[in-house]
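Shared between the two complexes below is subunit A, which has subunit B as its partner in the first and subunit C in the second.
Now for the complex of A and B:
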């Protein structure tokens, strides 16, 4: 791709998210969302492989339908209340808008497109879709928090955590595993919208850091499947050790960073006397933890059976990805900062 | 007058139904023309003559041309017709859907405000454009940039024509 077009696309990708995040008018928010969709499509389709084309098509259809729903709901709101302000959206239309945003975020039961889009794109593109593309819709969820549809958010969150864990159990491709991990984390995230917006920010930041650490590690070792993970230790043993730590952090085990959101969310839910969702959420994180541990097992804790001369795979110099070390360190060590994060 | 606007809106809905349930892209393009004409009639009847002209210009002069070129690429020699059984079921289904959704919203229908009286130079729709060019300069810049981005995105999306899923013979 020509460097000029590539730089235009990356600039538009960043700017469109910032437009949506800084808008007070529904039309401007919608414009930002559409520009966001438009500018990432050539990034997904860059290799022009049929799989990538299919992924880009699915991404476009889902995001366009969700953006059209947002436009419809905001027009309905303007018709009924007379203004386009995002923060004063009435309760009926916030339901429609929330459902559209949950479709954009890939939350169950609207999660079908997400693993296939991630599988069809490269590892870096999957990273962008999993982290940066979630910022704009989440900002809109923050802004309509004056009249949130609490039951929908709670129900979808619990269903997402369950679905992400359950369906992820059957996956062998690492990008699809990360997709289901993302679906489960998003489920935990939208529950926090009912609890406290500070908690939502904390959860989002920790999700982005841990997911970035994992994706960057997968990118450095070019492990696309679980069998590749078995041979990744030859490329960089410290990296595979840190991959195990990052996976444990994603699974929410103390004393790692990923424990912070889970602890705070369960704590807040118990304060609000929502014990049934608490129990289901806690149990739903177990299948996720199982497939993280399985991945860590194949990566670091065993060497899969192989002939002797394939044990030491010929390795090229692994690409030096700049953000890998900070992301991995943050993914593991931020738990002591938890009191600062919730105030 | 309101009856005429109602007829135009029925034409618009039928055109959109035709686009959604078309048996072949040719018929979809024809239905799009009817839909655009109906929508333009609604807008002009309610006093927005400028916005109606712009709609016609963009839809018929822009989108329809693009649709026609795409249709020419996807031509099939024996397309299905409107009265084929499967197509008719789809159209009837969509008509039922529109009627049901319309029934829900009908009591919320308000009397539309019309500023179509006389020939005052400041009409509702044109004043909006004036505002866009004067105080909404940044939004104009954003729209222009969005259009440029769309151009380059389409250029990049159709670049791999021999290598992948978009088969162009």
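Now for the complex of A and C:
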């Protein structure tokens, strides 16, 4: 792909998200979402692999369907209320829009497309899909937060946290594992929409930091399956150690960064006296932790008996990405800074 | 307080940066020095109120002995692991020592903190270095399974504790242990669930019979340092937690403790009987830990001054004794490369001086006078007897079986005929030093047991 087109795509990817974020007119928000989908499609399909084509098709269909649903609901809203303002959406249309956005975010039970798309795209594209592409839909959820469908958000959040952990147990490919990890984290995230929007921002930031750190590490070591992960230590032992810590952070083990959102969300749920969802959510983090720990076993804690072609790979300078060091250190050590993040 | 904590925390960079030649000597000497500095904490009479307090930490008669014991175990772990690490490259040795130092730092913070939320975070933080010790430094493939058991048993038990602590925070606006004990603000209908949520984490950690399956696996698969710290300190986190949690709901404890005391007393008999039919040396010591901890659970739950003091004494005594037994088992393992009892017979003829350590350790384990093990068991037995006379049937039977399996370990390892075709290296001074350093506090503490409660 020529650099000109590439930079055009990346720019429009960034711009379209910002258009959606800053709009207060439903039509403009919809345009932003559609532009966003259209600019990521060539990025997914770039590798010309049949799986990439499949991923791009699936992504397009799902995002277009969700966007169409949003357009329908906002038209209905305009019909009923006579204006297109995002802030003043009536209760019924809010429900439809919320469901459409949850489809865009890949919340269970509408998550089927998400692992397939991630598995079909390259590691960097998967990183973009699971972080930056979440921002635009999420902002719309922020904006319609004056009368959110609380039951739907809570229920689907809990289902998503459970399903993400449960189905992820069965996976062996790192991108799919990351997809299910993302589904589980998104479950926690949309529950925070009922609690406090500050908390949503914090959770989203921490989700993005930990996921970025993990995808960057996987990209640096070119780890596509769990078997590859067993060989990652030949490239850079310190990096695999940090990968182990990042995985534990994703799993939410105290005192790593990943514990922060879990702690705050459980605290807020306790505050609202929602004891039952609190317990289910807390327990839902255990299956996810299981597959993270299983991955962590492959990073540093065991060295599988594979043969290596070159047993001193780390003597060569590994191609370290500039953002890797800050990302992994933030993914490990952010918990003590929590009071500054939340307020 | 900080001079100990920061010094311990600085052991991590010390282990990572010091010259390879001085790696083990410096870290163990440094860790020992910290332990000696810590002895100053005993200067205050322990039966007085908390001292050396700041906004986050305090020292009192429960914290001080346990913290000092965990600090004492750290240099011993380093000494004990030297043979295990001798073939490793220097970077891995550094990482091992750094992991041990991290574990020690978190343990000090767990024991000294006054805030329940902080306590929870530190309690969980001890899991990560221990998991690394078990799964990275263990030697067999089953260690991964053992690591999973260890992590998930503990986490499943402690997530309800987190929710209970958050609930306390929401209803009180703070989670300071000392103030919560004074306020006692648990709502009546919630108290039962809250009590269970608070206690289960520690019951799993202790472990209570029935929730103990992770412990033998973890002990068998862990390297020597992991076994030592697990037996000596991590199990005591459970006892510490119970002692700290009971003042939050004293009335509730009176109605809720029956199933737990029954299970712990019955578990003592069952696990001691299991000890008699084990073939694996480390597994016997692990089950013996479960048995002794049953006594501690019962004693902490009935919560009389005598029983709590007895539980503290037994925790210290058992910590040092089981750590000593694991060290002895490891010296055998390093020579024979097996833990199977039948294959390690007749060591008396090959390592005669080691037999003396085995004898002393077995006698300590079966609580012979004048050891602190006996003192602790006597105090617990008599307070349990005072609570309910029939408990003496269970506790006395356990004492009998404990003596039996301690002798069983001693006789099967030391007597009999050694297997032919085994060339065993003689014992090292390092190993004798290790045993001595375990035995010195065990034997000297009987002269002043008040240091322990």
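The rule we apply is simple: the second predicted complex is superposed on the first by the 331 of 343 C-alpha atoms of A that agree within 3 Å, B and C clash if a C-alpha of one lies under 4 Å from a C-alpha of the other, contacts with A are read in each partner's own complex, and residues count from 1 in each chain.
To be clear about the criterion, contacts are C-beta pairs under 8 Å (C-beta built on N, C-alpha and C of every residue); 3 or more make two chains touch, one makes a residue touch a chain.
What you see is a predicted model; the values in this text were computed from it and never measured.
Touch criterion not met for A:129: it reaches neither subunit B nor subunit C.
In the superposed model, A:19 lies in contact with subunit B only, and not with subunit C. Using the contact criterion defined above for the overlaid structures, shared-chain residue A:39 touches subunit B, although it does not reach subunit C. Shared-chain residue A:302: touches subunit C; no touch with subunit B. Residue contacts after overlaying the shared chain place A:52 against subunit B, while subunit C stays out of touching range.
Shared interface residues of subunit A (contacting subunit B in one complex, subunit C in the other): none. On the subunit A side of its complex with subunit C, the touching residues are 237, 241, 248, 253-255, 259, 263, 266-267, 270-271, 275, 278-279, 282-283, 285-286, 289-290, 293, 297, 300-302. Those residues of subunit A lying in contact with subunit B across their complex are 1, 5, 8-9, 12, 19, 28, 31, 34-35, 38-39, 41-42, 45, 47-50, 52-54, 56-57, 79-80. Subunit B contributes residues 108, 139, 142-143, 145-146, 148-150, 152-153, 155-157, 159-160, 163-166 to its touches with subunit A in the complex. Those residues of subunit C that touch subunit A in the complex are listed here as 91, 95, 120-122, 124-125, 127-128, 131-132, 135-136, 144, 147-148, 151-152, 155-156, 159-160, 162-163, 166-167, 169-170.
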